[in-house]
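Chain naming follows the written order as A, B, C, D and E, and within any one chain the residues start at number 1.
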Amino acid sequence: MTLYHCIALSGIVFSIGIYGVLTRRNILGILMSIELMFNAANIALVAFNHYLHPGSLWGQGFVLFVIAVAAAEAVVGLSLVLAIYRNIKSVYTENMNLLHG
Amino acid sequence: MTNDEILAVITGKFPEIQAIPKVQGQARGDELYLSVPAQKLPELCRFLRFDPPLAFDFLSFVTSVDWKDRYEVVYYLVSTLHKHKLVLKVNLADRATPEVPTVTDVWAGADWQEREIFDLMGITFRGHYNLRRILLPDDWEGHPLRKDYVPTPDRYD
Amino acid sequence: MSQTTTPASAADVFPQAPPEKGMFISLGPQHPSTHGVLRVAITVDGETVTSAQPDIGYLHRATEKLAEKRTYPQIIVLTDRLDYLAAMTNNWSYCLAVEKMLAVPIPERAEYLRIIVGELQRIASHCVFLGTYGIDIGAYTPFLVAFGRERERILDLFEELCGARLTYNYIRIGGVMADTPAGWEKKVREFVKEMWGHIQEYDTLLTYNPIFMDRTQNIGLMTPEMAVAWGITGPNLRATGFRADVRKDDPYSLYPQLKFDIPVGKQGDCWERYQVRVSEMRESLKMIEQCLDRIQPGEWMAKLPKVYRVPAGEGYGHLEAPRGDLGFYIISDGSPSPYRMHIRAPSFINLQVLQQLLKGWKVADVVAILGSVDIVLGEVDR
Amino acid sequence: MSPSLSSLVFYAFSAMLVVTAVGVVTLRNVFYSAVSLVAALTIVAGLFVLLGADFLGAAQVLVYVGGILIIMLFVIMLSQQPRDLLQRQTNDQWIAGLFFALTIGVSLVRAFTYFVSQTPPDGDIAPTSASLGRLLLGEMLLPFEAVSLILLAALVGAVVFGQEKNA
Amino acid sequence: MFELGPALHHAFELLRGFAVSHGMSRDAALLLSKIIQANILVLGVAVIPMVLVYAERKVSAFMQARLGPMHVGPWGILQTFADGVKLMLKEDVVPAGADKWVHFLAPVVAVAPVFVCFAPVPFGQGLTPVDLDTGVLFIFAVSGVSTIGILLGGWGSGNKFSMLGGLRAAAQLLSYEIPRVLSVIPVLMWYGSMSLGTIALAQHGRWLGILPKWFIFYPVIGQIAFLIFLISSVAETNRTPFDIPEAESELVAGFHTEFSGLKFALFFLAEYAYVFLASAMGTALFLGGGDGFLLPNGILPSWIWFLLKTFALVFLFLWFRWTYPRLRIDRLMQFCWKFLMPWSFVNIALTGLLVLVRQR
C-alpha cells in the first residue's frame, strides 16, 4: 500500500481510459472512457497528497475541482450527444461525417 | 307555447308537413307528433333549432322502429327555454336501402345514437362523419333489432 | 328558470374524424380507472391528447331486443341491470312510462315510498362515484368511507325492504312490491341524521383538499352550449351552470310538493362535476326527511287486473336518474309484450362528449376527466 | 487500521477497479459498460476513503454515481436502438490504440517514480471535512468561485443544446 | 437505566479478549467483531420493514373504518411474515424481451445502499454502528445510488411503458434530492459537524427548563428546515402524494411491474427501509436523537426514545399516504424547483445570519 502501488494503479486505469477513447465506436463509450481517465488522475492526486504532504489538503481540494469540471464536461457532452442523436438517429462516430464535405 | 301554436308556426314555414292525429283508444303522450318526409328533415331541423320562438335546442333521443312493411325514425325534441316538446317521425318505405340525412350538424348529441341505429337497425345516415358499427363487433352480419333478424349461432371456432 | 342557450359555434362543438399524427395509446378495456369494460383509443402528440375515440359494446346484452319477447312485468327485471349502481331509478323510470300509457292512478303512500327509495338510491350511487373518483386521483381513504360505510347502510335498508342489495325490482307497475317492514322508517330517519355529518366529512377529506383541487379544477372545461348540443343531462350538465333537472322541468310523482333546490356549478370543470354531486346528496337528504314527515300508512299498490293489457299506441316516461335523464320510449300493439322499447340511457349520451372533452388536455388528466363524467357501462352498452 | 489489513483491502480494490475499467472499455452492450462504470467509480470512492480522503469519497459517490452516471444512463436509454447490440463496438484501429495506450501508461508510471525516489511512510488517517472546508473558502477561494462559473456555463449550455428545435 | 450501548461495547471487549487469548491476532479479532456488528445491523434493517409493512396495513385500516389483517397470528402480527413467504414462493417471471442481467441486477442495486446508509445513524447513546465524521453526506451519497436501481428496473423489464415509468421516477428522485440536501445544511451549519452522533448529542439539554433544545424548536430556521426535509423525504421514497412511478394516473405502469416473487419483495423492502431511514435521520437531525422529554431522563433508555420518535415520523409518512391524492407529474416538478428549492436557499441564508449573531 505504498505510493508506488497507487501510481501504478492510476497509470493502468489511465491507459485503459485512453484505449477506450481511441477504440470505442459509440460516442457514449468514449465519454465514459474520459470519465475513467479523470478518475485515474484523481487517484494519483489523492495518493500524492496522502503520502507527500499529509498535512495540507491541497491535493484533495484540487480533486474536488476536477470532479466539478468533469461533471460540467459530461453534462454538456451528453446534451450534445442527445442533439446529434436527434438529428442523425445514430450515436456512432463514423456516422457523424457531415463536415467531411 | 301549446302544441297548436307550434303546429301553426311549423306549417306556416313548411306547408306539406302535417301532424299525426291522436287515434281514439290509443295511448299517446301529450306531445305534438309530426310526420316528416326524409328529404325535408335537415332544413326543418335547422329551422326548429335556430328559430327563436321554437328554440328546440335539446335532442332527447333518436330511435327507430321496424313496422315490418316500413321503417320509422323517431326524433324527440325538447326546448330547454320554453319547456315544450315535439316528436318527429320519418317513414322510410323502401326496405332495401333505408336512408335518412344526418342531424349531427344540428345537434351533436345524435352522433352515437345514429351510429347505434345504423348498427342495430341498418338505417344509413347520409352525411354522418363516422358511420360504422358502435355496439356490435365490426364484422357482424345482419342488424339484430329488425323483426326479421335470424340470430346466427354463436361460433367459438 | 333556465337561461337561453346561444346557438353553439359549429367549429368546437361538432365531432371531427381523428387526426393521423401522434403516438397511439389504448386505455382499457382492462384498466383500473375506466369503471368497467370501456376502451378509449387516444392519439397523443407528445404529452397532449389530440383525439380520443371511446370504443364500447363489450357489455352489450341487447336489452331492447329481449324486451320484445317478455311481458310488461317481466321487463322490470331487465331494467335492474341497466345502470347496475342505481337499479331503483331504472325500475321507476320504466314503470313511469308504462303507467303513463295505462293511465292508472298511483296511491300516495306508494309515491312517497318511491321518492324515498329513489333519493336513497341517488345517495348510494353518488357515494360510489365519490369513492372511485377519489381512487382515480390517488386518494384511497374516501372509497372505504363513502363506498364502504355509507353505501352499506343504504344497501342494508334496501335489503330489509325488498330482500335484494343490487337488483331490487321493488318498484312495480302501479305501485311498490310490498309495504315497509316495522321500524324501517325510523331506521331511515336515523341514517339521514347521521349522513349529514358524513357529507361534511367528505368536504374536509376530499372536496377542499388542496391537491385534489389542484388535480381537478380548471380541467375538462365544458360550456353550457356544448353540453346541451351534445345532449348531456344530469350532474354533468348542471356543473356547467345550466339549471336543468327533470324533477323541476318535467315534474313527476309528488316532486312538485317537495321543497328542494338544484345545485349548479359555474364553469363545468372536473371539480364542479364532483361538487354538484356532493351537494345533490344534501338535497336528497332534505327530500327524504320531508317525505318521512308526510308519509301515512295506507294503500301501496293500485288495483290492477291479474293479466292487464297495455292499450296500443306509444308513450315516453322519463325521470332524473343519478347519472341524468333516463327515459323509456315504449310502443305497444295491444299484446302483453311491447312491440318496441327504446331506452334513453344518460351515460351512453354523456360518454360521447369525451371525443370533444379530452382534446388538448394532458395524458395525466384523461383519467380525471373520464372519472368525473361518471358513466356506468351497463347503461352505455344496454 | 493496521498496515497489513489496509494493503490487503487496497489490492482487492485495485484488482476490482482494473476488472471493471476493462469492462467499461470492452463490453459490447453500452448499457453494461455504463453499469460497470458505476461499479468502477464506487471502488474509486472506496480507494479515496482508504487514502484518508473521506469527504472526497462521499462527494465522489454523490456527484458521479448519484448524478452524472444517472444522466448518462438516461441518454443511453433514450438513444439505444435494438440493432446496436449486433454491431461491433470497436473500430478497426484497435491494435494501434492498444499499443499507444500501453506506451503512455508505462512512460507515465516511469516518470512519476523517477521523481519520487524514496517511498515515504504511511500518513495518519484523520477526518478532513472541516479543514477541507476551511481550505476551500480560505486560500482556494478563487478556483472555488471560478468552478461555480464553469458549472453555470455548463448548465446553460446543456439547456441550449437539449432544447427541441421546434419547441 | 439499562442503556444498551455501553453494555454492547463491554460485551465486544470481552469477546475480543477471549479471541486474542485463544491465539487469534488482534487484527483478526477486531475484524471479527466488526463483521458481527455489521450482521446485527443488516438483520435489524431487514426486520424493520416487516414491522413497517404491518404498521402501514393496520394504520391505513383504522383510518378507513376497517380492521386490517386479523387472521394470521393474534391481531394479524404474522401477516407480513406470511406475505414474505408467499413472495418467496412466487415464480420469478422474467419477461421474454427483458434483459436478463439487468432485470436481476435492478432490485439488488435498489436495496444494497439502504443497508449501508444505516451505518452512521445514532440509534442511542453509544449505539452508533460507525460514527462517521461525514455521516450526513455519506447517507445522501449512498442513498443516491438506489436511483440507478430504479433506472435498471425500468430498462430491464423490456416494455416501453415501464421504461418511461423508470425515467420519470429517476427524474423525480434526482430533482427532490437537491432540496433534501439543502434543507439539512442549516443543521450542519448550526452544529458545525456532519456526524449524526455529535449533532444528536448537541441537541440534549433544555431551554428554560422545559423546552428541549431540539433543532425543530429553533425559531424560524428549524421549522422550515424540518418541513422541507420531510416533504422531500416523502418524495424521495416515492410515497403519496408523490407516488408517480406506480400510479396508473398517466397510463404508465410503474417501473417494478415486471418483477415478481423475491425481486418484488426486495423493491418493497427498499421502499420501507428508506422510509425508516428518512425518519431516523429526521429524528437524529431535528428531534434530538436519544434525548427524552417530559419524563426525568433516565427512566427510559435513549434508544427507546430514538425508536419512539422515529416511529412517530413513520406514522406521519403513513398518514400522508392515506389522506392525500396524487400530484400530477408537472406540478410535482414545479413544486420542487419553484417552491422547495428557493425556500431552502432562504433558510440557509437565515441560518448563516444566526450563526454570525451567535459568534458575536
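In the analysis below, a contact is a pair of C-beta atoms (placed from the backbone, for glycine too) under 8 Å apart; a residue touches a chain by one contact, two chains touch by 3 or more.
Here the structure is a predicted model, which means the values were calculated and not measured.
The chains in contact with chain C as well as with chain D are E. Counting hops only between chains that touch, chain A reaches chain C in a minimum of 3. Chain E has the Cα centre that lies closest to the mean of all protein Cα atoms in view.
With respect to chain D, maximal separation of chain centres occurs for B (centres as means of Cα atoms). Distance between Cα centroids is largest for the pairing of chain E with B. Top contact pair of chains, counted by C-beta pairs, is A-D.
The mean-CA centres of chain B and chain E are about 66 angstrom from one another, to the nearest whole unit.
Measuring from the averaged C-alpha position of chain C to that of chain E gives a distance of 47 Å. Computed centre separation for the pair chain B/chain C is 24 angstrom, with centres defined by C-alpha atoms. Chain A and chain D have CA centres that are 6 Å apart.
The set of chain D residues that touch two or more partner chains comprises 55, 59, 67, 74. Taken pairwise by the contact criterion, the protein chains link up end to end in a single open path, with no chain closing the loop. According to the touch criterion at the top of this document, the contacting chain pairs are A-D, B-C, C-E, D-E. Considering their complex, residues 60, 63-66, 240-241, 243, 247-251, 322-331 of chain E touch chain C. Chain C contributes residues 2, 4-5, 7-8, 10, 13-17, 56-57, 60, 62, 64-65, 100-103, 226, 228-232, 242, 244, 249-250, 310-316, 318, 325, 327, 329, 331-332, 339-340, 342, 344, 348-349, 351-352, 355-356, 381-382 to its touches with chain B in the complex. Residue ranges of chain B in contact with chain C, taken from their complex: 23, 25-29, 31, 49-50, 55, 57-61, 63, 65-66, 74, 76, 80-81, 83, 104-105, 107-113, 116, 120, 129-130, 133-137, 144-145.
The touching residues of chain A, when paired with chain D in their complex, are 1-9, 11-20, 22-26, 28-29, 31-33, 35-36, 39, 42-44, 46-47, 49-52, 54, 56-58, 60-61, 63-65, 67-76, 78-83, 85-86, 89-94.
The touching residues of chain E, counted against chain D in their complex, run 26-27, 31, 99, 101-102, 105, 132-134, 137-138, 140-142, 144-145, 147-148, 151-152, 154-155, 163, 166-167, 170, 174, 177, 192-194.
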